[in-house]
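A, B, C, D and E are the chain letters, set down in written order, and residue numbers restart from 1 in every chain.
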Amino acid sequence: MSPFKHPPLGIPVDSAKRWTENYQLATQESGRLFLMAGDQKVEHLNDDFVGGHVAADDADPEHLFRIASAAPVGCFAAQMGLISHYGMDYPEVPYLLKLNSKTHLVKTAQRDPASLQWQSMAQVHDFVRHSGLKIVGVGYTIYPGSLYEPEMLSEAARIIQDAHAMGLLAVIWAYPRGQAVGNKEQDPHMIAGASGLVACLGADFAKVNPPLDAQGNMDARLLGEAVAAAGRTQVICAGGSETDSETFLERLHAQIHIGGTQGCATGRNVHQRSQPDATRFCQAIHALVVKNQSVEEAVKFLGDNH
Amino acid sequence: MSPFKHPPLGIPVDSAKRWTENYQLATQESGRLFLMAGDQKVEHLNDDFVGGHVAADDADPEHLFRIASAAPVGCFAAQMGLISHYGMDYPEVPYLLKLNSKTHLVKTAQRDPASLQWQSMAQVHDFVRHSGLKIVGVGYTIYPGSLYEPEMLSEAARIIQDAHAMGLLAVIWAYPRGQAVGNKEQDPHMIAGASGLVACLGADFAKVNPPLDAQGNMDARLLGEAVAAAGRTQVICAGGSETDSETFLERLHAQIHIGGTQGCATGRNVHQRSQPDATRFCQAIHALVVKNQSVEEAVKFLGDNH
Amino acid sequence: MSPFKHPPLGIPVDSAKRWTENYQLATQESGRLFLMAGDQKVEHLNDDFVGGHVAADDADPEHLFRIASAAPVGCFAAQMGLISHYGMDYPEVPYLLKLNSKTHLVKTAQRDPASLQWQSMAQVHDFVRHSGLKIVGVGYTIYPGSLYEPEMLSEAARIIQDAHAMGLLAVIWAYPRGQAVGNKEQDPHMIAGASGLVACLGADFAKVNPPLDAQGNMDARLLGEAVAAAGRTQVICAGGSETDSETFLERLHAQIHIGGTQGCATGRNVHQRSQPDATRFCQAIHALVVKNQSVEEAVKFLGDNH
Amino acid sequence: MSPFKHPPLGIPVDSAKRWTENYQLATQESGRLFLMAGDQKVEHLNDDFVGGHVAADDADPEHLFRIASAAPVGCFAAQMGLISHYGMDYPEVPYLLKLNSKTHLVKTAQRDPASLQWQSMAQVHDFVRHSGLKIVGVGYTIYPGSLYEPEMLSEAARIIQDAHAMGLLAVIWAYPRGQAVGNKEQDPHMIAGASGLVACLGADFAKVNPPLDAQGNMDARLLGEAVAAAGRTQVICAGGSETDSETFLERLHAQIHIGGTQGCATGRNVHQRSQPDATRFCQAIHALVVKNQSVEEAVKFLGDNH
Amino acid sequence: MSPFKHPPLGIPVDSAKRWTENYQLATQESGRLFLMAGDQKVEHLNDDFVGGHVAADDADPEHLFRIASAAPVGCFAAQMGLISHYGMDYPEVPYLLKLNSKTHLVKTAQRDPASLQWQSMAQVHDFVRHSGLKIVGVGYTIYPGSLYEPEMLSEAARIIQDAHAMGLLAVIWAYPRGQAVGNKEQDPHMIAGASGLVACLGADFAKVNPPLDAQGNMDARLLGEAVAAAGRTQVICAGGSETDSETFLERLHAQIHIGGTQGCATGRNVHQRSQPDATRFCQAIHALVVKNQSVEEAVKFLGDNH
């Protein structure tokens, strides 16, 4: 388990107190974060929500909220606009407001990625105040190496500082990408660089892609450099997409116990299942991440048909 | 009929109350929206207003207001500037302020589409306050896939949040377009992606083009994916342009009853008719959309010469 | 004569009162506007002010003010900076503040035209308050079809709304231009499109170039589409440059009585004359535009040497 | 001598009074301005300050302040940052804050020139208030014909208006430059255009390069068009660089008495001399510009070794 | 030792007093600055922190804080976000907030360097107020000669003025770079130009790269031009990277005593050592820079294994 974490310095005392409450809530008092990522309806448009092995439930955005409500996730990350439609019916969910998103239509080959802040922090403040929801933090994606890096780093730094001043957590999705990055997007040293960059921005969590070795294989040991570089900023990553549940959990366990990450961010692997399956899968992740149980213990939550 | 719709979360109580009143007014207490689109004088310059089969009445912008006043439309969408010239004489019309528009002069082949916010939200607020008109909401066009997508998504998100905070509805015109989109502009999966994106922006209605199959044919069944993806954001689309009235109504009925849309947005098909014809045509659409009548019942409003 | 014109909707009552006073002042209670355009010192640098047939008087910017003071113009349009140098000596002139201007150095072949707002509306407000001048309105140029159209439409819409809120008239110079427009700059349908666009921006007057037929000839009948498209926004255009005075007046009379325009905007045709000639020429235009006299009556003002 | 000059219109009464005091101070009650230009440490980096015939004194920026303090200059123009380092030791100098500057590293062949405002006008206001220095005005460079002309004209117009509202003079450095200007940078008609443009921006002084004839020769008579075009905006220019002192003074005398300029802006010709020489040279310029003396009288100040 | 330094002019009296306190603190009452640079986790990502000769300690960002705490550095420069994570445990360190940073992924060959301000000055103000840390100043990097020079000079000028108004020191990292600079990045005359530019921006310290002669060799005498050009702005530079300790100290001594610099900025040469070695190395630098001791005296701090 991670040790008690200080609130960030440089904010009013009452904000620090609220930050700590939000940190405890989001990490379920474990110091580890199980973030359910639900921003793909913009990032990938409808590609992740229909077709192939995707459960029919997933065609409806409410599916995301049903899972987040029924399952023991630390927080559910989605755009503020989507939450404004469903939050009234799922007030028990801890939410993280994803403040920027772009579609995947413009590929890196056409132009380096650019994603700008949607709502202003004043609007975030009003939303927190008026919604009555458990808003634990905000999220923002940066693309280090993109030609638009300067604009995104500037927005990220200001969002993080403002979020902290409101007592909210700040999570940065950090994906090196662009012509200058080429095929090094998941290079372990590149991921470590991105993680250290997020630490310098002042975020509480860095969400990174799992590093791959020269042959393109995942190996939790490759995470060590990134976790070290991030310092007190906690690193979370996903186990990859579309793997069978047990492999997913084994990888996640390795990421935490070998790689040193402090949680996970899971999207498609959760919401592409039917609600009952998704809930069971989240219980397994929760057991592993939050309750620090073994893969064997976690797998028991999956039931027979995993 | 659609069920009662919640006001968006995260706004003051009195704004939520005003939002509900505006929603009831715009949907004529039906939960379905008959939006009369009148922003083409910028979007298409004068192309839609003169020549060919276009009624002579249409050369004068007041024609739009005369129709909106005489016919049972849910709201009439136009630029605030145009409304500032005619609104005093048509105070009974429910208006929707279209906040961005561009001309069609610069084609996508020359540059990806870009359309920026015209009036500030503070100016919208003052206009609502001083005009005494029934302003039910605001509209804004986004072009997912354009190189200017980031700027437009950011403006859209802020406009929607501010509109809700004023108790106004937010309608997003969502047209995938740009070099990255190519000839997929009306692909059903693309339209579904755009609809889901609008839901994440937090809009109340997504105005999309009707999806086409691989052969370029319209089929209301293709709308299902979009309507599902939009969730609690209601999808409206048009029946296409320049079709005969009965075909138009049949398509619209199918969009609603097969496709699951909750209204329609009609522009040229209305205002290119003489005022009496346009009024009758709007009565037919109203019967179908708002009063949930059959095509046969709706057609009766058209009189003999349709 | 044009009927009484409503002040724009959506502004405070006292602003509407001031707007009406300014409208009456600028149109000399005729509903028609004789705008003396004096923004060429930026738009054309010194090209219009020296050489060839240009009167020697015109080399000095004060020439513009002397004419505007001595002649019965409805308003004199110039940049606020220029007015700040001379206004104290010509307080009787009704001024229109031209808020953007660019030089003609960068041609369309090099880059599409872009012209940005100079003074902020807060500065305009202070200038109106402290100058004690009769500021009747503001002007702004847009280039529909330029790649910079979005920025200019946004600035124009905000300027118009703020001007109205201060009780000032708003005049838009609308010149379709850019690679996308090509040689259609004075196409009648294009001019009509621009006029309708100005109406949607909410301006009181649209200043357009006179439309030309396929052979490049002027014909007042070609204005009909534009005047209709502009609706309650009044269209004014010039009679062309460097024509003899009588031809100018005949063309202007046709623009008004055949084309339906409600005034004129004249620059070079006025200020390139000596002061006495310019004054007489303005008296002729005034007779025709404001007093609704015939060409024959107007010509009498020119004296013998026209 | 120039007649008494009105303060610009449209500012509060007390600002007009301060403006007049600053005008009298800067022109040493002569109506002519001897501006010592000291912004080259950015514009030309260190090129003007070392090497060749440049006096060793000039390597130290304090040299500029020593000259400005000892010599009878009307104002010393430099960046606010530089003044913040030395002003406390040279409080008797009238300063002009140069608000934008760029290096000469990026040549026009690579990209058209762009120079943006450094300090905000609020910062200027605070500096004037807290420094206790005699700040008489502000300066700003525009490059008409550059692709970045729109941004610079907008900044210039706002700076001038704000400066006047604080009672400060506004001086515009106007250098036509860019691909569209080509080799016409010092064409007399082009310089006249730039001068008229500055008048429309509302500046008090236009600093331009001396016009050259078709053979590239300086001739004071070529200034006439520019001086006329500028109207009440006073034109100043330099006598060229690196000429012998007497030729410099003859050229300056001709600029004033033949060309009609009302002062001069001198940089390198002053500060590249040793302090004693620079002081003597400034006394000669002062005699000629401010005291309206002849070249013969002015030359006497130079001593034997000029 | 440098003489007492004036606070910058143009700020409130109490700010000048705080500035002086911060100057004394940062220079350890010596007038010379030993700046420990710790912004490389963004500027170079993780390249400087792992591999080769780099001490294993350096993989953890806290290593930087441990050194800054244990060693007699004048100030430790890092991004505000990183300081917000560790400052509470190292309150005795004098911090300098580095306000912009970019990664090295986009090379100059791909695009000229651009680095934008991260936190706003209002956020800096709040951080200073709430953190309780000894924040002595701010830092910002400019790239003269880059196509993005105008934006960076504008941000720098505003940051410096605001910093001074808060009583904070301002340090500018000035690195000529871009297509226009080519291989002249460390040319002595170019470095002098950059130093003079920083003086005009108003910064207190200019951090420059050491100039190289035509053969690419370092020579402290080459610094003379830059130190002179900077005037009252104090120049600091590094001794180069990856040299042995004694050579480093000899170069630094020459920079100060021959070149005339007033301190040093050292990053990799410090933090790539183990904590004990880094501390000893800092003690040696401190002896040389702050206590004005000889190289021989300074070397004694290194112990046996340097």
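Heads up, the rule we're going with is that a residue touches a chain if its C-beta (ideal position, glycine included) is under 8 Å from a C-beta of that chain, and two chains touch if they have at least 3 such contacts.
Not measured: the values here are computed from a predicted model.
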Partner chains that chain A and chain D have in common: E
Lowest number of touching-chain links that must be crossed from chain A to chain E: 1
Magnitude of the superposing rotation for chain C and chain E (Cα, nearest 5°): 145
Equivalent interface positions on chain A and chain B, same or different at half: different
Distance between chain centroids, defined by C-alpha means - chain C, chain D (Å): 35
Approximate Å spacing (C-alpha centroids) for the pair chain B, chain E: 57
Multi-partner residues of chain C (at least 2 other chains): none
Topology of the chain contact graph, where touching chains are joined (line, ring, star, complete, other): ring
Chain order, ring traversed from chain A with chain E following: A, E, D, C, B
Chain D - residues contacting chain C, complex: 6, 8-12, 144-145, 147, 149-151, 153-154, 157-158, 160-162, 164-165, 176, 178-181, 189-190, 192-194, 196-197, 199-203, 225, 228-233
Chain D residues touching chain E - in the complex, by the definition given at the top: 39, 41-42, 45-47, 49-50, 59-62, 78-88, 101-103, 105-107, 110-111, 114-120, 123, 126-127, 130-131, 133
